[in-house]
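Below you'll find the structures, each written out as structure tokens.
Each of the next two complexes has chain A plus one other chain: chain B in the first, chain C in the second.
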Partner chain A sequence: MKALRSYARLIYWDWVREAKRLDTILSMLLFAMITLMIFSFAIDPMSETGVRVRAGMIWLTFLLSGAIGIDRAFRGDGAESVLQGILLAPVSRVTLYYAKVTSTFLFVVVMEAITLFVFCLLYDVEFESAAALGRMIVIILLGTIGFVSVGVTLSAMTRTIKGGEVLLRILLFPLMIPVFAAAVDATKFALAGDELTMKQLVLVGAFDLVYLAAGQILFEVILSDYDAS
Partner chain B sequence: MSNSTTVAAGHTRTTHEARRSRQFLFRFGVVILSLIGIRMLMAWDESTWIPWTYAKMTWEHPAGQLYLVGTVVLLGLGFVFRRAGRDTFGLHALQVMLGAVSLNWLIATALPLSIKMIGSSYLIFFYHFPAAMSCFVFFTLLMVFSIAYLVQDDPLWDRCARTSGQIGFLACTIVLTTGSTWASAAWNSWWVWDDPRLMSAAIMWLTYAGYVMLQMQLDDPYKRRRFCAVFGIIAFLNLPIVHYAIQWFSQGEVSHPMKFSDMASNDWITYTRWFGVIVFVGFYSILFRWRLAREGTRDRLHESLWAVRRLEEGAHIR
Partner chain C sequence: MTAAVIEVHDLGKRYGERDALRGIDLSIEPGCSVALFGHNGSGKTTFLKLLATLLKPTTGRVTVAGLDLARRSCAVRARVSLLLDRPFFPPRFSLEEGLRYFTDLYEQPWDEQSMKSVLERVGLRRRRLDPLNTFSRGMAQRASLACVLSRDAEILLLDEPYTGLDPDGCALVDSIVDDHSAAGGTTLLVTHEVDRGLRRSDRSIVFRGGRVVLDEPSSPELKDAVLEVLG
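Then we have the complex of A and B:
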């Protein structure tokens, strides 16, 4: 119960900080918009090829701009001293991990919702039914969990390194390939209005679970007592 | 193991390293010569066997020329560099690689003529396959050492992990470059996008490049050990997942040369391939030993510099 309360508190304070500055969500959003614009120069979005690669484009945009949000989880003005305070407080690392994953997940999901909306407008995507949109949302949420769960661990790892923003991406993106491949595959179905197969959902879900477990176990190793001194 | 020697005055160190280098070259030469001898004995029964023909065959092939000339040039460069007191690790690595290639080359030319009729393109497998195997061996070792470090908190395990990461990365680079070169000859393109094995090797390379970068960029030795161990474990766990994910979601068909397994039914080829694996893992282990000693010296230096810096900042040193 106590753990749950501190979990909620940690998320709450992340959102308070974000509400004050709005820097994370805004920079993610702007970056996503720019990426969507640039894609139209690479591939004519209305051509046959453009329609086929849409799922990949969506996920590439999410991956590139979501990395900004993950990067900000432990970086920014005063983030290090805030973290040290949390580490000294009687909060378990597991609670801290899940709180960070949740708040980062929510930031990224806000960005993804707006980006998806803009994407549908710009690229003329229409969902035939509410079920089709629902399938899309499910797959995006599942994919984002996998993306954020390892990301938070790596973000804690690279937070003190000079130039760690680039290093985070270098470490994160290769690890993201299973989730990315599975999510793109499922998104293709969702965009075409087809039913998702059980296999697709189970695969993305399984990757999420593996990454959450690995992220949680290794997060405790990364933020040891040495960091709190 | 020489990592227990302290950094002595320049004169002593140079003598020590020069002796070690001579020792190595001597042993290496003995191994090469004896293998040439074995190869000659093996070919004794072949009626057409003329040593000069085989030497010419090796020399006539562009790759053979590259290896022979490269070995001589690198030996010379290594000698000059060592006299100048420079770090010759990279050169030694290349020398060892070229030596291993030449050995494999000699053995591969002893294959029956019927197999050689296929053409010389299969020769890559006596280099490519062993390099891939040793790459797997060292990445597995990296994971094992990383876990050992997290469990026991002994810097030696970290040093072992780091070293095997570097050696595995070298092997992985060799796998990718040789594979790509072979593909340009056999498949007429340097890279194929629909092959899961190719893709997962490339991603493995990128992942461990990240590992090497991570340990380069972290200053704090305590943090570096822990973080690198963590990433080493994540990276290893991720590799099979990446491989199967690409296999499941790849667009086209698998084009990696599985036809080779037909040829592998031939005892000669199997023997040569696994002999290559033994030779390669052996040579990489020599590299590993050297690098480990060097990493030990570097760690001591780095840690004292770090402690001095922290003291200057007025920090409490653990």
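Then we have the complex of A and C:
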């Protein structure tokens, strides 16, 4: 119960902090809109190629913009003293990890929801039924969990390194290949209005579990010794 | 004989190739005020951070309030309050909001009356709605002291608490240490102000090169010995 209370508190205060500066969500959104625009200029959304690559486009937009939000998890004004304060509180590192993953996940999902809406307008995507839209949402949420779970750990690891923002992306993007390959594949089906297969969902879900477990273990190691991390 | 509240055996901390602390053996009684002296880089802050579980020892064993630091770090953190050079809340938060955040995070019972009295005591009541990033160095230090006062910790670890403070602020730190001792709490006070440290403590410890080189009961007569050891 105590761990759950701490978990909820950490998420709540992360959101209060974000509400004061709004820089995480706004920068992610702005970047996502620019990326979508560039894609729509480069490839005619209505062309055959445009339709074929749109699943990849949406996930590439999520990846590039979401990395900004992940980067912000442990960076920004006063982030180090805030982190010290949290590490000195009677909160376990595991609770902190899941709270950070959840709040970052929610920030990224807000960006993804708005981006998906704009994407549908730009690329003239229409979901034939609520079920089709639901399938798309499920796959986006599953893909984002994998993305954020490993991203938060890497963000903690690179937060004090000079050029850590770049290093974060260099480490994060290759690790995301399996989740993204599976998510793009499933998104193709969802955009075409086809049913998702259990295999597709299990694949993305399995990567999520592996990344969450690995992220949690690494996160504890990284933050067990503050000055060395 | 009273059981020690802090028990340190063969404690060592290494950063890469450099030993920040080596072979520290200490036992601190409950209710004791200890002044820690030493030059910059002698290991004082590292020692406090280890006790607060912010760092992991390279060697040795530490127990705080009977709890093994390596296995019960969360429970140790609930009993210890560490003051560092900056308040632990986001700079865009107002002082009032920051204290709410801090006490919420530390699960400290807290109400408007407690808020008022703490802000009054640290002399920041009129600035309670101002964001921390508009505070001067001394005011930020007072905000950190407000965090310390907002908690009911058994052990206070104060790292250079007089830094940036005016005479009133220094007197405030003195009163916090005295009140904590009077209430039976234990205080470890890192300071470069030897006279003040000796006056505020029952025991003085001098660190040099990551080792304890002097550990004596505090008294005004100890000043020369401390200064001599400090070189």
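Operating definition for what follows: the second predicted complex is superposed on the first by the 224 of 229 C-alpha atoms of A that agree within 3 Å, B and C clash if a C-alpha of one lies under 4 Å from a C-alpha of the other, contacts with A are read in each partner's own complex, and residues count from 1 in each chain.
Heads up, the rule we're going with is that a contact is a pair of C-beta atoms (placed from the backbone, for glycine too) under 8 Å apart; a residue touches a chain by one contact, two chains touch by 3 or more.
Owing to the predicted nature of the structure, the values given are computational and were not obtained by experimental measurement.
Contact with both chain B and chain C is seen for A:224 once the two complexes are overlaid on the shared chain.
Of the two partner chains placed by superposition, A:114 touches none, neither chain B nor chain C.
Shared-chain residue A:167: touches chain B; no touch with chain C. Applying the stated contact rule after C-alpha superposition, one finds that A:91 touches chain C and leaves chain B untouched.
Of the two partner chains placed around the shared chain by superposition, chain B is the only one that A:182 touches, whereas chain C remains out of contact.
Legend: residue contacts after superposition of the two complexes on their common chain; A:51 is shown touching neither chain B nor chain C. Of the two partner chains placed by the overlay, neither chain B nor chain C lies in contact with A:137.
Within the superposed three-chain model, A:20 lies in touch with chain C and out of touch with chain B [touch as defined at top].
Applying the stated contact rule after C-alpha superposition, one finds that A:150 touches chain B and leaves chain C untouched. Residues 224, 226-227 of chain A lie at the contact with chain B in one complex and at the contact with chain C in the other. Residue ranges of chain B in contact with chain A, taken from their complex: 150, 203, 206-207, 209-210, 213-214, 217-218, 220, 222-223, 226-227, 229-231, 233-235, 237-238, 241-242, 244-246, 248-249, 316, 318.
Note for the complex: chain C touches chain A at residues 15, 46, 49, 52-56, 74-75, 77-78, 80, 82, 84, 86-93, 97, 101-102, 104-107, 132-133. Chain A meets chain B in the complex at residues 150, 153-154, 157-158, 160-164, 167, 170-171, 173-175, 177-178, 181-182, 184-185, 203, 207, 210, 214, 218, 221-222, 224, 226-227, 229. Looking at the complex, you find that chain A touches chain C at residues 2, 5-6, 9-10, 13, 16-17, 20-21, 77-78, 81-82, 84-92, 224-228.
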